Amino acid sequence: MSRFSEPQDPVFQQLNASLSFDRRLWPHDIAQSRAHARMLAAQQIIGEDDRDAILQGLDAVEAELVAGQFGFDAGDEDIHMAVERRLTEIAGPVGGKLHTARSRNDQVATDVVLFTRDAAGHATRAIDALVAALLDAAEAHLDWPLPGYTHLQRAQPVYLSHHLLAYVWMLQRDRARFVFAASQTAALPLGAGALAGVNFPTDRAAVAAELGFDSVVANSIDAVANRDFVLDYLGAAATCATHLSRLGAELVLWSSEEFGFVTLSDAWTSGSSIMPQKKNPDAAELLRAKAPRIVGHLAALHGVLHALPLTYNKDMQEDKEHLFDTVDTLDLCLASAAGMIRGARFDRERMSAAASDDLIAATDVADHLVKRGVPFRQCHGIVARLVRIAVDSGRSLGELTDEELTAASDELEPAQFRALLAQSSWLESKVSEGGTSLQRVREQLAAARAAHTPV
Amino acid sequence: MSRFSEPQDPVFQQLNASLSFDRRLWPHDIAQSRAHARMLAAQQIIGEDDRDAILQGLDAVEAELVAGQFGFDAGDEDIHMAVERRLTEIAGPVGGKLHTARSRNDQVATDVVLFTRDAAGHATRAIDALVAALLDAAEAHLDWPLPGYTHLQRAQPVYLSHHLLAYVWMLQRDRARFVFAASQTAALPLGAGALAGVNFPTDRAAVAAELGFDSVVANSIDAVANRDFVLDYLGAAATCATHLSRLGAELVLWSSEEFGFVTLSDAWTSGSSIMPQKKNPDAAELLRAKAPRIVGHLAALHGVLHALPLTYNKDMQEDKEHLFDTVDTLDLCLASAAGMIRGARFDRERMSAAASDDLIAATDVADHLVKRGVPFRQCHGIVARLVRIAVDSGRSLGELTDEELTAASDELEPAQFRALLAQSSWLESKVSEGGTSLQRVREQLAAARAAHTPV
Amino acid sequence: MSRFSEPQDPVFQQLNASLSFDRRLWPHDIAQSRAHARMLAAQQIIGEDDRDAILQGLDAVEAELVAGQFGFDAGDEDIHMAVERRLTEIAGPVGGKLHTARSRNDQVATDVVLFTRDAAGHATRAIDALVAALLDAAEAHLDWPLPGYTHLQRAQPVYLSHHLLAYVWMLQRDRARFVFAASQTAALPLGAGALAGVNFPTDRAAVAAELGFDSVVANSIDAVANRDFVLDYLGAAATCATHLSRLGAELVLWSSEEFGFVTLSDAWTSGSSIMPQKKNPDAAELLRAKAPRIVGHLAALHGVLHALPLTYNKDMQEDKEHLFDTVDTLDLCLASAAGMIRGARFDRERMSAAASDDLIAATDVADHLVKRGVPFRQCHGIVARLVRIAVDSGRSLGELTDEELTAASDELEPAQFRALLAQSSWLESKVSEGGTSLQRVREQLAAARAAHTPV
Amino acid sequence: MSRFSEPQDPVFQQLNASLSFDRRLWPHDIAQSRAHARMLAAQQIIGEDDRDAILQGLDAVEAELVAGQFGFDAGDEDIHMAVERRLTEIAGPVGGKLHTARSRNDQVATDVVLFTRDAAGHATRAIDALVAALLDAAEAHLDWPLPGYTHLQRAQPVYLSHHLLAYVWMLQRDRARFVFAASQTAALPLGAGALAGVNFPTDRAAVAAELGFDSVVANSIDAVANRDFVLDYLGAAATCATHLSRLGAELVLWSSEEFGFVTLSDAWTSGSSIMPQKKNPDAAELLRAKAPRIVGHLAALHGVLHALPLTYNKDMQEDKEHLFDTVDTLDLCLASAAGMIRGARFDRERMSAAASDDLIAATDVADHLVKRGVPFRQCHGIVARLVRIAVDSGRSLGELTDEELTAASDELEPAQFRALLAQSSWLESKVSEGGTSLQRVREQLAAARAAHTPV
């Protein structure tokens, strides 16, 4: 008998029910119930017979869930109640002993923290796979020049390897974020009861050990009120997705006819329902488009927790859908990025032609003057004037006359100036650590390989 | 001479100028310029005389800035240009040599990373101060009972110390987030040039050492395109602010006449312009209200970086205002929280009375039956029935008759039942690790003190 | 045959496929296809036989969809392709003529705009139903006093009717927002083709008329690139949900033991898995919790559209899940709010006792002095002093002595002062338009009834 | 004397003070105070002498504010208190009568609603100015072809006028949003007092009339608790900024060397500190970058209002900074967009060359087959096959042989096929309403001019 005299309104049940989404927590729910039952018996809170009956019942429930034959009831509010209900059907009233010294509050926190821990681990492995694809691509295109852009204007030439390695380092930072998020899942909430601890001499450390936790949450209120670890996961995912959106945006841009730097494989592109010629970079566009979705999830969960008095409030049920959709979305995005990179065919000629625009040697010319003793700021002005003369007269820098050059600066020796405009030297003069000269990129690639965890 | 033939539109200058907000970066800008100048000379890229002239000039510029006597020009687009302009006025054309082997792209990244590193360090110390206030308050109210709430319904009694310690653990996690954020500021961007590295044999490690970095950014493109560390700071701040919003919300709630658990000091409250009796918890409300502001900054910066092709784009100038306002807001919030906690006067009587509601012993009664062998789920039903009888007839649980009790369950011995309803036993029976029994709270407080870094 | 030589990668198909969510657009897809086919025939672009075959085929497809017997294929990328595929299976190659003068770009825009129009209409009706519940509740509690709060401190007493009517006006504004959103769905995108218009002399006005649009989108590029109407719907929903979160928060607060102003019906509350006494306001908490979810959807769609070059980009596929979840969430929330209000039992005694706190007459005492000619700001000071004396000595205002009163101000006649502290006069003196005096509330209720559209 | 015995903590004052940002409300504060004083006298709540003294005092205060000579005090918490303090200094104790029948709660709501009304009006005019620039640009480039893009792939050619007009229609919708937002500022909050109405027989309609409101807020609680109108303004601004971000993104893209469709004027571009050749589209990038900032403000204010119990809470002070920064940002963005459009120099040759890519005639070829009776879906397949043959062999469609063409379809007459590939016909065949044929664009331009409100 319940303390309620009236049944729940069907609209309320619809609003309240979480089973449609929290059912995917079942493996964690079963795992924690096993550990909990074993601990209860070890502490003599339930008998060994009870424990064995419960464990056998849980095996049967798990088998049904694995086989997709578990029969959910209309009355199952959530996965925890569904499992306990079925357990009791199978094992009899002893099933009702499983909830001794446990509340749904610490139970659900434990399921979610287990899920998040797994998700963080999975994300690091998916990142490793994408990094592997990028490293291979960097190696395969070690000395392919293309323009580096600032403000989407050609700025200075770089090697494609160097450009791709920039993503590797972003992803390595993302990996560190997921490792941090995983560290925030290392303490077991179970054992906190509803909020105050429980009336039984439980052994939380034993449960923690069985479930792979490093420690137990130190404060029972915090144990049931805390969803920081979900925020940490979502935060890591949001930044990672933002990185992927930059990659997606570049793939879209580079596969435009105007850039023409890359052809995405048929396996990662779509046609048009009306325009037979179209080969659309849908996957790259979706890679780009998913970041705001994940950022939205992060902001929404912050919003849910905003101003929420302790301890557990029903609002916190909102954590799960934001988390689950983020996990699924990020998983697809990371796998898609790896697939696209592995299938991409870069166009050496188009990139090289773009990188040969002699305007982008302007900094090198200025630096040449610096080496002759002219303060950099003056050199900048001298070369800017040359650029203006060239642009205004529709010529390249290389087409300026000797007179124009020497008029700009005494230090500008025409022959040397024209020699400077030879492309390879522009790249190879970037000798500073982390720069795009081939030697530096080779060092960088080696360091990136060393930092990489093979999948 | 510039490559431009037309002056900038005044509206564009207004849109473009960052000086009004980036001027606070000047200490970092001066510091990096000093390190850069020393390195240029050590590498023989500039002469020692040039270096000395630059360093003296920078001293003079710094003195003006410290004294608030630095004259900004209408034409100063940003703090970097303002400092270089003034340096050249003071030191002469040699000032123009400072920008050798440096671009604003790596320069601004370096200023921002230095600022963020400082801000993260500052946040950890402000957290330590708030934790100290909470630890003292917990110690001072070790055994003061109040109801613990779930769903804002009285659930089970806890000690105020236990409740306050929940915030300590949240804040310790926030601290870990800021330490992580600081770790993401440990690599020096300077030396990346515009994006590709520079044409000079610079010594980035030397600059890094002087400025307190552990390493240099491995990829020059990444160095100028990366703002992850700002996201990391904002993410840490958003979660911390969300925690503070929960604290603020509880202080508002508890200082209502209906709860009456706390009286905030006059130093942290305001009056009303029209209602003479009002004493409003404005500080607590603002503590609550600031979280969405910081979450908004975080989401906005993700939005700015979304789909941005490499490398540097002007959009990234938007990083600073989001960061600065977050730093200032969080700083005020942490200090305010500490001040409010130190000044709060808790009302032992009101809290204790609320905690004495005998309905909140219901779990304990159920657990009592469990210990007599009844499966928990049945116990829950038995007690729920008793609650319903009591509530329907307007009585407390303690007022139920012997007949009603034994009718509910054979195992329910009336005398024991009534003994159970004595408050202190409810708290003291929560003996599980992390629970609210006094012994457990004492252990927890000791652990929290041990984990605390005194300010 | 397609222009592609390689099949799509299964991961890409997963990322790309929208069928799992866009299938609910089918009624709109069928409706627009019927109108399109009729127009094509009327304009002699297809024959009448073709039209009839297509219409019969669409009837058959619709019947399968209604009956839940439509067989989706693994290869069906979206609902549009699924319907066309099935149509062609049923009607033969003539089915391939339906896509004449149409692109998926204008087709999907049309489906979404139709869906949004329906959703906006539905929202207005759901609001009307909630307003009806609030109006009835206001009428039933016309003269029940409770404290009005500012800063969650008791400020001045109001009638419950007055408080409930505040929500009515919020909701009427929400209604206006949905009416505005609906007005933004009044122009037909169909006929824009992929982006440039089509090569056939179509009659868009005829299609618009059949589908209930006021006009056609004036620019074919805008027709396929525009999702403003979704933003308008989401914006209206976000503000409405924020209003509901305030209502939910108040129901949670008022059903706490400390406030005790309301008892929610059993039909809208839940028990606890561990605490048998608990009756939790889960529905009210979820009402509160859903606003950030919808705000997150709004922000995410803005993020998706951010910086997106014209015209259609695949990113825009992200519009649908944000829209659909918002529609479903808001629908549940509005219905739940109405149900909770209709089932709520207010506690006249608790509210009245709280409203009788004589401190909240302080403004009235000050205004009394104003009427005797003392400037308001001085009156405020006089009464504030009295409040302080009372609070410091643990007395109510009514317990102050004659000496204390006259010492505070010559104008303060003790007898009148004490008469002022009689509760009903405090409410009834709020005679200003829109105030809480009974006469004013009666006028307001009549106006609110007049503004209400009965469901 | 206040009811407080202890001064406010300086940190609290910093957290609490709003003067640094709310001072810009002063014109509205003065205006409402004048109207309020006149009404109080007309209703004989204060004397005519008092009114005159107050009005003269307000004139003096206003003069100081206009002249920038108003002396703010350290103790001025907000602009309302500063004005009243100064008024009393100037006019004597009678200044204390101004706050009769008014609370800061309704006062601040009134200031903010007045500010928002003005801001919405200003936004519509700024939009009108931008629309004027776009209309002129459309007219000047009526028949300049460029590729229309979907998925950033060339899809079908359009005229530049048609493309620019797409933005006109977006902006007209934005205008409608601001008109709606203005409609939400049409009811006067003043007169609601703290929350319950006031103890005086005020004449709110008179105040409303003087301040240009259509009506008074019907419910005093709603009057002080409502900030919907700010959300409406922010929502309109967010969508408008998102449109501008699309325009900014296209200007960035089109001014890349790869696209080369537009050259932005020197007045709206910047150079680089290191690369002398750079001409960066900073203004266009910032136009792109500002949308997330405004979306962040919108989300943050929703967050602030989330779950806030009625009536006024200090949290609502957060409304102002979000509003003010949005107003300033949008203002700059709209003016910048107009300036950039007016200064942009489009490159007819580059655009036309891009539009001549014969692959983008593919739809036209398919439609040609449709007109010969082949179902569209088959036509699509036939042309897709031709595209594949051409792409695989590195030829254009026009270079396919007669054999290849007739092998693809009997209906494909080689001569007609090649005639179809002449560019102008592709554009001119888009005869459907809203399409890109010149006649249709002329109609559209006329309609857009008719819909435009000249500035």
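In this document, chain identifiers A, B, C and D correspond to the written order of the chains, with residue numbering beginning at 1 in each.
Keep in mind that, in the parts below, a residue touches a chain if its C-beta (ideal position, glycine included) is under 8 Å from a C-beta of that chain, and two chains touch if they have at least 3 such contacts.
Just so it is clear, the model here is predicted, and its values are computed rather than measured.
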{"item": "Same-interface partner of A-C, chosen from the options B-D, A-B or B-C, over half of the pairs matching", "value": "B-D"}
{"item": "Pair joined by the larger number of C-beta contacts - A-D, C-D", "value": "C-D"}
{"item": "Cα-centroid distance, chain C relative to chain D, in whole angstrom", "value": "23"}
{"item": "Distance from the mean Cα position of chain D to that of chain A, given in whole angstrom", "value": "32"}
{"item": "Contacts with 2+ other chains: residues of chain B", "value": "2-5, 99, 105, 149-152, 155-156, 193-194, 253, 271-277, 279-282, 285, 288, 291-292, 295-296, 299, 302-303, 306-307, 313-314, 363, 380-381, 384, 387"}
{"item": "Contacting residues of chain A [partner chain B, same complex]", "value": "1-5, 84, 88, 93-101, 105, 148-152, 155-158, 162-163, 165-166, 168-170, 173, 176-177, 180, 183-184, 191-202, 204-205, 216-226, 228, 231-232, 235, 238-239, 242, 245-246, 248-250, 253, 288, 291-292, 295-296, 298-299, 302-303, 305-314, 363-364, 367, 370, 375-378, 380-381, 384-385, 387-388, 391-392, 427, 429-437, 440, 444, 447-448"}
{"item": "Touch list for chain A against partner chain C, complex", "value": "2-9, 11-12, 14-16, 77, 80-81, 99, 102-105, 107, 193-194, 265-277, 279-283, 285-286, 288-293, 295-297, 299-304, 306, 313-318, 322, 332-333, 335-336, 339, 343"}
{"item": "Parts of chain A lying in touch with chain D, wherever the complex brings them together", "value": "149-156, 252-253, 255-259, 271-282, 285, 299, 302-303, 306-307, 354, 357, 359-360, 362-363, 365-366, 379-384, 386-387, 397"}
